[in-house]
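Data first, discussion second: the structure below is written as structure tokens.
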Amino acid sequence: MNQNNLIKLLSSVADGSVSVEKAKDKLTHLSYENIDFAHIDHHRSLRKGFPEVIFGQGKTTDQIIGIMNKMIQTEEIILVTRLDKDKAKTIQDSFQHIDYYEDARLLKYQTKKIEPTGTGTILIISAGTSDIPVANEAYLTAKAMGNRVEKIFDVGVAGIHRLFAHQKKIMAASVIIVVAGMEGALPSVVAGMVKSPVIAVPTSIGYGTSFGGMTALLGMLNSCSSNIAVVNIDNGFGAGYMASSINHVSVV
Amino acid sequence: MNQNNLIKLLSSVADGSVSVEKAKDKLTHLSYENIDFAHIDHHRSLRKGFPEVIFGQGKTTDQIIGIMNKMIQTEEIILVTRLDKDKAKTIQDSFQHIDYYEDARLLKYQTKKIEPTGTGTILIISAGTSDIPVANEAYLTAKAMGNRVEKIFDVGVAGIHRLFAHQKKIMAASVIIVVAGMEGALPSVVAGMVKSPVIAVPTSIGYGTSFGGMTALLGMLNSCSSNIAVVNIDNGFGAGYMASSINHVSVV
Amino acid sequence: MNQNNLIKLLSSVADGSVSVEKAKDKLTHLSYENIDFAHIDHHRSLRKGFPEVIFGQGKTTDQIIGIMNKMIQTEEIILVTRLDKDKAKTIQDSFQHIDYYEDARLLKYQTKKIEPTGTGTILIISAGTSDIPVANEAYLTAKAMGNRVEKIFDVGVAGIHRLFAHQKKIMAASVIIVVAGMEGALPSVVAGMVKSPVIAVPTSIGYGTSFGGMTALLGMLNSCSSNIAVVNIDNGFGAGYMASSINHVSVV
Amino acid sequence: MNQNNLIKLLSSVADGSVSVEKAKDKLTHLSYENIDFAHIDHHRSLRKGFPEVIFGQGKTTDQIIGIMNKMIQTEEIILVTRLDKDKAKTIQDSFQHIDYYEDARLLKYQTKKIEPTGTGTILIISAGTSDIPVANEAYLTAKAMGNRVEKIFDVGVAGIHRLFAHQKKIMAASVIIVVAGMEGALPSVVAGMVKSPVIAVPTSIGYGTSFGGMTALLGMLNSCSSNIAVVNIDNGFGAGYMASSINHVSVV
Amino acid sequence: MNQNNLIKLLSSVADGSVSVEKAKDKLTHLSYENIDFAHIDHHRSLRKGFPEVIFGQGKTTDQIIGIMNKMIQTEEIILVTRLDKDKAKTIQDSFQHIDYYEDARLLKYQTKKIEPTGTGTILIISAGTSDIPVANEAYLTAKAMGNRVEKIFDVGVAGIHRLFAHQKKIMAASVIIVVAGMEGALPSVVAGMVKSPVIAVPTSIGYGTSFGGMTALLGMLNSCSSNIAVVNIDNGFGAGYMASSINHVSVV
Amino acid sequence: MNQNNLIKLLSSVADGSVSVEKAKDKLTHLSYENIDFAHIDHHRSLRKGFPEVIFGQGKTTDQIIGIMNKMIQTEEIILVTRLDKDKAKTIQDSFQHIDYYEDARLLKYQTKKIEPTGTGTILIISAGTSDIPVANEAYLTAKAMGNRVEKIFDVGVAGIHRLFAHQKKIMAASVIIVVAGMEGALPSVVAGMVKSPVIAVPTSIGYGTSFGGMTALLGMLNSCSSNIAVVNIDNGFGAGYMASSINHVSVV
Amino acid sequence: MNQNNLIKLLSSVADGSVSVEKAKDKLTHLSYENIDFAHIDHHRSLRKGFPEVIFGQGKTTDQIIGIMNKMIQTEEIILVTRLDKDKAKTIQDSFQHIDYYEDARLLKYQTKKIEPTGTGTILIISAGTSDIPVANEAYLTAKAMGNRVEKIFDVGVAGIHRLFAHQKKIMAASVIIVVAGMEGALPSVVAGMVKSPVIAVPTSIGYGTSFGGMTALLGMLNSCSSNIAVVNIDNGFGAGYMASSINHVSVV
Amino acid sequence: MNQNNLIKLLSSVADGSVSVEKAKDKLTHLSYENIDFAHIDHHRSLRKGFPEVIFGQGKTTDQIIGIMNKMIQTEEIILVTRLDKDKAKTIQDSFQHIDYYEDARLLKYQTKKIEPTGTGTILIISAGTSDIPVANEAYLTAKAMGNRVEKIFDVGVAGIHRLFAHQKKIMAASVIIVVAGMEGALPSVVAGMVKSPVIAVPTSIGYGTSFGGMTALLGMLNSCSSNIAVVNIDNGFGAGYMASSINHVSVV
């Protein structure tokens, strides 16, 4: 239910054409649907421009299918994140229009082509080849949310000339996502080169004192560059979502 | 030196009007100035649209004054962050056009009025009254970088109706900075209400297991809302800088 | 052995009708039973109103069966927590009156219907669908201990209107258990709405910097609401137990 | 504004006697007051039975006085927590009816005698003499909120017979607050003796690996007794508040 | 090589009956044996009264068998700690005189009956049934090193009367090992009852914030009792070894 | 009250010469004294062979003096640990027979010469000169508890021949306390040389990743030598107490 | 492309014999090769004297083979680190000249005998037998990079005479790598004996508070010896690489 | 005592010209001097090529002066590290030939000019101006140990062109020390440019999640460049010492 409809409803309450009781019912059922194990937030696509994304981890396949069954009645795109291959298989057997991306552990239900609506181009840079699954999760998310997206992979700071060779593309991007594990130094270097906002994504790639990505995260939070903000470890989805949000700032 | 000038110089090398040696010198001296204890990055205002910001912590007053003496020759605005009151006093005695904001520990040298150049409005929300110094650092930074900025203070989740009363202003902002200490829950709630990007700033307000802001930071990184990214604890400056960068994405 | 019996015994020692030696034996064997690998606390159901609960983790199936064999001689209800499916299967083959709840990993032996004896209603709220197993452990525990219990699942802060829709039920509860993973913000919001005590249960749902529930726990400990206290990560059992204890405060 | 008034207002909107615009204004201004650096939650004493408590840390004396000036117009009791002696002195000079408790760092403004309204007695136990300031903060808070409160200090587990000597008083309490630093073992022992709910408060007393109370906190969260929940380190205020909330569960 | 032999050898060097070169060889080969992947410390049984104990974790079965093949030529008892069942099986097939204790993950090679040589009795107390494997590792180690050892299992602080029922045995012990997981409170209580030295052993039993035994360890290090010292998490072997060392202090 | 007296009293209850009520009173008041802010454990010197030691940190001077005033009525020696110089000064003005050791922050009240009653000699070794204050706290404690004590200071592993030069004294000790900061490696080396029990004391000497002694503590807990146990960081008092307890194991 | 070639190219740009466009292309393609999922740094063997080493963890077998296919066109040696046995098997089926070292998890492709070019000898010492896999990774790396390498295994500080027996070899080495888990004390002792640089490698051998090697790492960082520097936990490869770098310092 | 003298002494024992007793005495007193609070390691300058360095932290001025009084009898250079200005003042009043460097907190006693004996040049690079004190401690140490040393300050990765401008000097160095706080990314970038060994020094410059340098340290340990090893936070002294050790590897 969008804002215009809400105003109409309240006015109807005021002029008596809708009773208080009825209005209460309407607002209750329009904004979410309670299916016992989930309160589906149908209001989200109106409020935020994109429907609720299903967090796959810790949910049973039955729960995910139950939620999707309700959502497909009103949505043209649904994402399920952090979904294991086995669960994805079962879901693919239950619905049409499904793509599953194994390395990104992302499942997408989509019934209509997505047109880019964002202002500029989102660029996704990964420090290493091992960081690609997280980078791809960001890529797929940003694409699904209506953005032009490009990518440059494996240009870490141990051979920094590889990064500088892409300087033109880097400076042309409106938003940049930098994905890095280990010491997580790449976002600082990239952010030092541009005026665009940089979303830094630490990955759990590394061993010993990489502490499952904590070292990369801390490095990014302490960057000596300032046009930078950080998301959770391995959170390619969040980075893509935030980048899309930024890329739509000036879109009416 | 901006990009056009760089292309001109290289073309001159190609047609022989400038020698290799001379071009090397030119590029060396234009891009930074070495004053022994600092390499001042004069190139930064061209590259990033804002001059180098001086990190006040750990520098002597003499070092800061030395750096400012060089910078004022080419810059109209200079910020010094994390500056104690005592050092600020000495610097104010050495330069004109100085403002010092004690709660934000920010010193500003400014010789020209700043016009807003960003697309929309940046809104700064603080969870508590005790978070105001950090919120003000973000406010002053974003202002200095050419943005319209508004603020709402003390609307934390323990009395969440106070936040919802400002819903209109919140939904109208192009970028939102949310500053919170303790459990750091406010950015999740705000980000759940809007489609704009939210910059979350944890503060060191709290005690015991707040661990100097670590708890708020962790909460923000694990937000169940997705249009959110995080900066370092008490980093109001970085939040203002990042917000300004976002607010200028579509500005040519 | 209850307190009246204890006074009788000591008086008998004083008037010589019971010898010191005999009294010592009696007290030794009544209060617990030593079966080599366990000291079963038979006294607990008198002292605490509920028999000893068996912590399933780290015990062999033989040990659990051995303890239960002793307990069923005097108890009408026995709970085994943190019990894997395989061990539960073997125990179910050894006893009658067994229910096993796989998601809550709780096994219940029960020979008599449990009547609610608590003052009011305990309400269990979960932030997400993935938090349901922990919420169910709390639900089953509180039920088993003689309470009216209700539940609302998946009303996290990213779509906070879903929570407010249940305001009436929330305000009517005498004790509220709030189960949440990720940033763990929900208990603060709920506690801000009511005057009832809130038990916050962090779950290990999340990834990266959720640190197996540590982030949710820290958030809850630093809540800006004050009618709140916290139990261990994923400790649905403890939350249910504590809530029952609170719900029986005024019961003579 | 209490719930009855809210229903009246909404009915007036329905029958046209109050316009939508006017109702909006009324709800906006009744629920909180915006004094620029604070949104005072006037609604809280209706909603939660006790007015907003001012968190003293990180606030200037002027800010605290500003907030109190607004609150005293409607409230009979105001608490300021975590307040240094110097700030307290200035506030005492600005208001009448002020008591300041230096060890508990608590300031109380009170214009009317407080009658106990809770069901039973709250008992506060401290493990050591050094834990008394935190125990006193709990004591003063619970007293201020309308409870009968008793205390037993310095009965730690290194000489556990001291605790057992108070068994009668311990078993008679309706809620027990146990305050302990170092290894934080006392709450487990106390909770093992009673069926009442126990609020465990870790203190920062200790050195080396006590980590400012973290060790005591962790011990309490991992208690093998189950009628126990925990608040933040040194949070005597929160413990008193939670205990009062529990002690009023059956109060209509 | 014991100390008397060493003095003889050096005197022979002094009177010329043994050459410098020869003495060097003798000392080199007597004190250890280099078998490429290990330097077996044959000197240890002379120096420390017990032969080198083989740390099983991280070693291949071939390496363990290789070391044992050398050791059995001079030793009557050999312990292998932290040994998985599968590796133990293979070793049992290669040697006679082997016992393997699966819960304690300890393998013992022994060719001669061990007589108790220690001063008094070592008592091993476990807080819970789940702590028994670690307690048994301590028991077996102390037994193997020539001590009278007794045990009391499952007498944790949640039903502390179970502990006090064994007061006589506890006060009679010369050294006490207390094994506990979760909050690790039992050693403090036991140490408060006696004047004997107490070795505290934290176990990894628990979940959530038990952090694999770190919480129990921290609790023990911060004990308010003083006749207490701590070993590594799950280090039953070390506790048994240290207790034996204490129990032999006055043995010439 | 010692054990013989206790048996007498209980027998008197049995034969009627002492009433139950009177016996209860006697046991209550003999075992501790309640002075409001402290429960003084008068029973401790009977039970543990040494009176209660006053933990100075976090207590006011008045509280310490109050406790001492009660204790001097029955004790010949009293220790106050972790006492600042200023507080010590005030206490020295209130009592006779006081010695204060500034580096060890230990205050001793003593009215009678202490004779060594332990079996052998306790040896205290420090790794560095900076560790001496902690080593001295251990020295003074062990002396006060009736032990022969010797010391060797500044023999850390960076010049390990300094340690080996004292081999004779090291091998002659019945108990060894090793005090070390930084990497805390010395206890492993010392314990590898002897069969006596070694108490390892980590100190907070170091910087950066020494984490206030945590690194030394962890090193000591993970020692590859096994006749070793550990006390809290900077806990010289506890080490001296534990060593004395060990040195009296075979004393009847 | 080496430095001489770079100067030639730039001179050709200056004299017009090479166009700006062409030079740009040349520099772009010589320095790295972009194969979509990787930017292979062909420049590295010129710049650093050894080709890029492939980090095996987190890469698919196809990705590794793809990278190797490009590299074998110009390189005579390729290392793949942190490679599981299964992946190694597949790679061995795709290329000739492959050796795989299972304990070190290192794969080596080599087409030409490697001659030692370093100044002196690199000595690798391990504290225990369980540390050998990491020590071997260092050994193989240093060998592959052109160094004479020797090894001494299992000479930890619990029987320190084993170490001193190798004093001659230790003092003769030009660089020493010391590999140790648990308390990680060995590097301090070794560095105290020599003037050569010591590279300390913590291993994850241990349990409980060894925290996967963190304790050993911290010990090494806090060494009281100063000719010591540290690499990541289990990073035998990095230690071998750094040692080779040191051993070639004076090689022109 | 150097190695030749040791061989002479032992041969004299063998031929009877020196008695066993006398040889023992000689070796005991030559290798160190015991002045009660310190064992001065006179042997160190022979063994390691540089006399013992006095760790100033935690020592009294009297202790430092006492140690220096002994050392100046045989040494031409003495360093005292981590020395506060006040203590330095007192020491300067007691000795001649003293220089004190306040920012590096280093005191140097020196009676003879130091000639460079190392192979090449040690280059010290700092990321920021605030890191200079630590960089200077490294500089002074390396100078004092006989090395040519150069420095480049404030060339951090936020304006990385400043670093590349010094490429020639960087590539010419035989050993490089890189000092950086915050995210600590600079050493990775530098090490990626050269084949020389890089010593990385994390500094405590930063705030919030810089955790006193822990973030920089972790970043450096997880560097994707391999010719890198790390020292403790703020350990400029250790870095200078290690670099000197490396720079003398090929010096006979």
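Think of it as A, B, C, D, E, F, G and H in the order they're written, each chain with its own count starting at 1.
One rule holds in what follows: a residue touches a chain if its C-beta (ideal position, glycine included) is under 8 Å from a C-beta of that chain, and two chains touch if they have at least 3 such contacts.
Since the model is a prediction, treat every value here as computed from it, not as a measurement.
Graph distance from subunit B to subunit G, where chains that touch are one step apart, equals 1. Summarising the inter-chain layout, the chain whose CA centre lies farthest from the centre of subunit D is G. Two chain pairs, C-E and C-F, are compared here, and C-E has more C-beta pairs in contact (counted per touch definition above). Chain centres here are Cα means. That of subunit B falls 49 Å from that of subunit C. Separation between the centroids of subunit D and subunit H, computed from CA atoms only, is 54 Å. Put simply, the C-alpha centre of subunit F and that of subunit H have 38 angstrom between them. Between the Cα centres of subunit A and subunit G there is a gap of 38 Å. Within subunit C, residues 55, 128, 158-159, 193, 208-210, 214, 217, 221-222, 224, 232 each touch two or more of the remaining chains. Contacts between chains, counted with the stated touch criterion, involve the pairs A-B, A-C, A-D, A-G, A-H, B-C, B-D, B-G, B-H, C-D, C-E, C-F, D-E, D-F, E-F, E-G, E-H, F-G, F-H, G-H. Within the complex formed with subunit C, the subunit D residues making contact are 47-50, 53, 55, 119-120, 174-175, 193-197, 199, 217, 221-222, 224, 226-232, 237-239, 241-242, 245-250. Of all the residues in subunit H, the ones that touch subunit E in their complex are 10-11, 13-16, 19-20.
Across the interface of their complex, subunit G is touched by residues 28, 31-32, 36-39, 41, 43-44, 52, 55, 57-59, 63, 67, 82, 202, 204, 212-214, 217, 232-235 of subunit E. Note for the complex: subunit G touches subunit E at residues 128-132, 153-155, 158-159, 161-162, 165, 181, 205, 207-210.
Residue ranges on subunit D touching subunit E, taken from their complex, read 127-128, 156-160, 182-185, 188-189, 191-193, 206, 208-211, 214-216, 218-225.
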